[in-house]
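Presented below are the structures under discussion, each in the form of structure tokens.
Presented sequentially are two complexes of subunit A, the first with subunit B as partner and the second with subunit C.
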Partner chain A sequence: MDINNFGIVFALMGAAAAALVAGAGSAKGVGMAGEAGAGVVTEDPSKFGKVLILQLLPGTQGIYGLLIAFITLSQIGVLGGESNMSLAKGLLYFVACLPMAIVGYSSAIRQARASVASMGILAKRPEAFGKAMIFPAMVETYAILALLISMLAVNGVTGINI
Partner chain B sequence: MADNQYTYAVARIRSKEISLLDKSDIDQLMNCKSEKECLRLLTDKGWGKTGEENAEQILSVEREKTWELIGELVEDLSVFHTFLYSNDFHNLKAAIKQVYTDSNFNDIYISQSTIAPDIIVNAVKEHNFDTLPEHMRACAEEAYQVQMHTGDSQLCDVIIDKAALETMLKKSRESKNELFSQYAELKVAVADINIAIRSCKTGKDKMFIERALADCVSLNRNELTTAALEGLDAVYQYLLNTVYADAVTALKESPSAFERWSDNLIIKHIRPQKYNPFTISPLAAYILARENEIKTVRILLSGKRNDISDDFIRERLREMYV
Partner chain C sequence: MAMLQMQRIFIYALKKDRKSILEFLQRRGVVEISDSIPEDSLFHKADMSYARTSFEKSISAAKEAVEILNKLAPEKKSMLSMLDGRKVISTEIYDAFKTKHESIVRIANQIITCNKVIAETKAEILKLEAQIEILTPWTTLDIPLSFSDTKYTKSFIGTISREWTLEAIYEKLADYLPLNVDVISSSKEQTCIFVLCTKDKAEGVYDALRAIEFSHPSVTSDKAPAEQIEDLRKRISDAHTTIDNAEKEIIAFSSSREELLFLQDYDKMRYDKYEVIGQILQSQNVFVVNGYIPQKEAQSLEAELSSRYDLAVEYEEPAEEEDVPVLLKNNGFAEPLEGVVAGFSLPGQGEIDPTMIMAIFYYLLFGIMLADAGYGILMVAGCAYGLIKGGKNIENSMKNTLKMFLFCGISTVFWGVMFGSYFGDLFDVVATTFFGVTKVPVIPPLWFFPVNKPMLMLTFSMALGIIHLLTGLLMKMYQLYKQKYYIAILYDAVSWFALIISSTIILMSLDMIKNILGLNVTISPVVATSSAVVAIVSSIIIILTNGRESRNPFKRFLKGVYAFYGITGYLSDVLSYSRLLALGLASGVIGNVINKMAAMTANIFLGPLFFIIVVLFGHAINIAINALGAYVHTNRLQYVEFFGKFYGGGGRSFNPFNMKTKYYKVKENMKNGY
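Coming up: the complex of A and B.
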């Protein structure tokens, strides 16, 4: 068995990790924020719209993970085209997907906690919704940075001839 | 308990905290001319059920509402038993006195308790304490024997009160929740200080004081006993070297000032829970905040009912949670 055949395996593992780990983080985060949102809406249904925005914030990491997975799949030829690559290149794709997978998961959970705390503000001071939204939104910065690096890295690896 | 973050429950409690009475609400109540006017204001704020209840009925309805809400939010209410043990032991005292005096009162029992008052009453009537939880059996037997054979109601109360404090402290530590532990510790310490002061004033002997004081971390039982035997100044001096140094001023003022100080201290300890979005602690803090609110309203209403001066009532009002 030629060890170089495993390149595609690692590349696919990278794509899967980006979608799976970041998606799991978002699922957990949106669920957590949803629980808090349900609590607020039980007492005051008029806050549903604002609650929904706070609940959706931790959901973006899953979308970013999906995006990285999609780009990786199309670059490595799984979605069509040539899928032969060296082990080194496969590993590079895998590493390129890691920022989105790890930061995606971690930031989704942290953002969910911030969203839950902000729902407390919304419950008591609906007029401070703008300020309340900023706290969880700040966490988004790091998910976007990870998305950027993973995207640049995946595209960069494609151009490397190894 | 640690696995459950109570996210839904805390979010609902955050919404409920808006309707808690704050300082301006209390000022508004104070500005009312009569108890009737206060009751009208409370009814407008959603207190009571039908709007035609008297003061005690409104307060009782409010307590029931709190526990109904908590019952909706938490499947297993046993996590709040720390707050209810004292009611169990109160019911035990009431049952022993009822059996001893062969009387038939039903309104002397507190329904918010960990075991139904009927079970306690039957246990005392049949002199069979096996039906009671383990932590009540020994003290129930001892208190029963003392009451029936000597008729010493004070000693009977001392035995039960001490067991209540020790049970509350032990169970709160088992809960591994800081708020419950702190609450129980404060309750025991305040009870011990009260016992020491009253024993001083009534000239109780060492055996009685030792029998009445419960162990806690923040006070040294032996040192407090020695101080109580020496006199009030010695108790004050001992307290000045503890975390309860602030209590001395209140104790010198009056027993009611000390009671207010201890209630305010609990509110001060639970206040950070207003900013905690997870765990059972904000729910526990809400229960205590409601109890504090009900107590404050009761003081205010009885003051208005008896035409007591506003300054006199204000001196007794507690700090609000919100």
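Coming up: the complex of A and C.
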């Protein structure tokens, strides 16, 4: 059995990890923020719109994960096309997906905690909503940086000839 | 880009005009009342808390009454009713309401009373039904449950737990014969029995019964159970009639709904008015209103006031250190973003209003992050429809939100065309799947596809970021100039400005950076060298001057070095703009994924139908999520990166004495009232 057959396996593992791990983080994060948000809406249903914004903030990591997974899938030919690659290249794809997977997971949860805290601002001082929104958005920066590196890496690996 | 100049205003008038002057000021809504003048032997403040409590009471009564009304006789409201805004009514109606006020309060209280009756009667019904349930096993008993004895006999009516047969009971009571036992009904839980014995054996029988857990029924009556149940049923049906009548009475009041709503507003206005009365100084015949007014309103207000009343108006420039309220005034392009600035903080002492400059970048950055012509057109169409539908009467906050997203939408369309995104690649997918077109893209991008050239997009994002940050520094220079800290312009702004530009040029001349970004620029050695010189000079300026508030030279130097370390902050600020690339790609690629999924359905039965469903549903979600992301991250870039360069905020917002009503606004019979 040719060891290079495992190239595509690792590449797919990378794509799956990006969607799976980052998605799991977002699911957990959006859930946490939703629980806190439900409490705020119980007190004042008119805040629903703003609560929803805060709840959705930790949801983006899952989307970024999906994005990386999708780009990887189309680059490695799983969505149709040639899917032959060396083991080394497959591993490279796997590694390229890791930043999004890991940073996506942990930043989604940290961001959710900032979101939950911001729900408190929204409940007590609704006029400070602009500030409340920024705290979770600060955490998101790192998810975006990870997304950037994963995306550039996946694109870059495609061009490498090994 | 401006903040309105504020003036202190003093109005001296006669007490007999107090009510009408204050109402006039409230409708004009251009004066913020302050109570900064202390009381003295002649002028006093009146305590109005008693009157205000009564207004509060009637407001909450009217609110509750409307809630009850809405529950029983819901008002039909369309989705678009939020665009309607408050109804305008004339001062005549306002004045006429005074005579109706009491009767409307009475209506409100009557509705609340009826509602209380309903609640109480419902509780009563539950109680009656529980009694019926208890009585039901006794229906075949033809004597009242309260029956206890005759001249020679004693009876026991009650239940024993679990199921018993007649024989079993007789067996237990065998010692006390002669007696009579009837089983009225029996179930698994309990057996209802009637025991009749002679009076001399009564005690023994009772003990024997107690031994088998005998207990008296929890209801008693002088009527036979069947009759009693009949009575209870009748009382229940009476109770239902009572509820019906009370509900009908409430519904009959639904014609007064408008008046109940107006009552809330009317008393809210009076509540605010009495708050002001409590703040102004009054002597026996004269009162003084003191507050802030925007300078441009002052003349017309004075003219209007003095044409109606006998009074004197005086102005004063606010002192330097005074906490003057802030009111922003911008043109239609930037006005929608005043809320975004206020969401951070209004300009503090000596700061400038950043709204106009921010607006340009705001729309630009939002457009790049969403960057889809299709989504942009939907946003523009939706907001334009709302603005037209809302017309003149639309509330300001709603209008500004719609206008903000209208401009954002226009920018989104522009960048969508530049980057060739129309609902992702929907046109390409439709053309290749259904019409067999092979030449894609159908509509090529005006500039480039960010997916194909991510590095170019990254470079563009960061270049835009540098421009944004440098604009922030320019704002700082302007602000320092306004504050007359001329030397700080060189030390704190120009030095950084030069450092950023020169280090950017140095970086661009490095081969490594050029290779990473894929840039093809040649920087002549002269420029590179002179940039290096500029960078070194400006660094030295920063290190030597940025700790200048410390007297100790060593400490001063260290502080300067620390300030210079702030260059890393600029680096991270610039990298932060990479979110333009990330979010732009996210909306585009997810759109493509949706289209791809939709295209998979093309070959099955009813394919085009499924295709349309998937496309509609998918893009609806995508636009919602990505518009939200673009909104949040545009705010972040403004608040953190841009404002961080020059803007501190901390101003107090102008809070005029006006009509803070929910449903109606009163319009003075004149042209320029608002």
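The rule is simple: the second predicted complex is superposed on the first by the 162 of 162 C-alpha atoms of A that agree within 3 Å, B and C clash if a C-alpha of one lies under 4 Å from a C-alpha of the other, contacts with A are read in each partner's own complex, and residues count from 1 in each chain.
One rule holds in what follows: contacts are C-beta pairs under 8 Å (C-beta built on N, C-alpha and C of every residue); 3 or more make two chains touch, one makes a residue touch a chain.
Being a predicted model, the structure only gives us computed values, none of them experimental.
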| item | value |
| --- | --- |
| Fit-or-clash call for subunit B and subunit C when the two complexes are aligned on subunit A | fit |
| Subunit B versus subunit C as contact partner of A:Leu57, first or second or both or neither | second |
| First (subunit B), second (subunit C), both or neither touched by A:Arg113 | first |
| Contacts of A:Leu67 with subunit B and subunit C, given as first, second, both or neither | second |
| Partner chain in contact with A:Gly37 - subunit B first, subunit C second, else both or neither | first |
| From subunit A, separation angle of subunit B and subunit C (C-alpha centres, steps of 10 degrees) | 50 |
| First, second, both or neither for A:Ala153, with subunit B first and subunit C second | neither |
| Which of subunit B and subunit C A:Met100 touches, first, second, both or neither | neither |
| First (subunit B), second (subunit C), both or neither touched by A:Ile144 | second |
| Touching partner for A:Ala17 - first (subunit B), second (subunit C), both, neither | neither |
| Touched subunit A residues, subunit B compared with subunit C | C |
| Subunit B versus subunit C as contact partner of A:Lys124, first or second or both or neither | first |
| Lowest C-alpha to C-alpha distance for subunit C against subunit B (Å) | 7 |
| On subunit A, positions contacted by subunit B and by subunit C | none |
| Touching residues (chain side subunit C, partner subunit A) in the complex | 340, 342-344, 454-455, 458, 575-576, 578-579, 581-583, 585-586, 589-590, 592-593, 596, 625, 628-629, 632-633, 635-636, 639-640 |
| List of subunit A residues in touch with subunit B within their complex | 32, 35-40, 42-44, 113, 116-117, 119-120, 123-124 |
| Partner subunit A, residues of subunit B touching it in the complex | 5, 7-18, 275, 277-278 |
| Subunit A - residues contacting subunit C, complex | 53, 56-57, 59-60, 63-64, 66-67, 70-71, 79, 128-131, 133-134, 137-138, 140-141, 144-145, 147-148, 151-152, 155 |
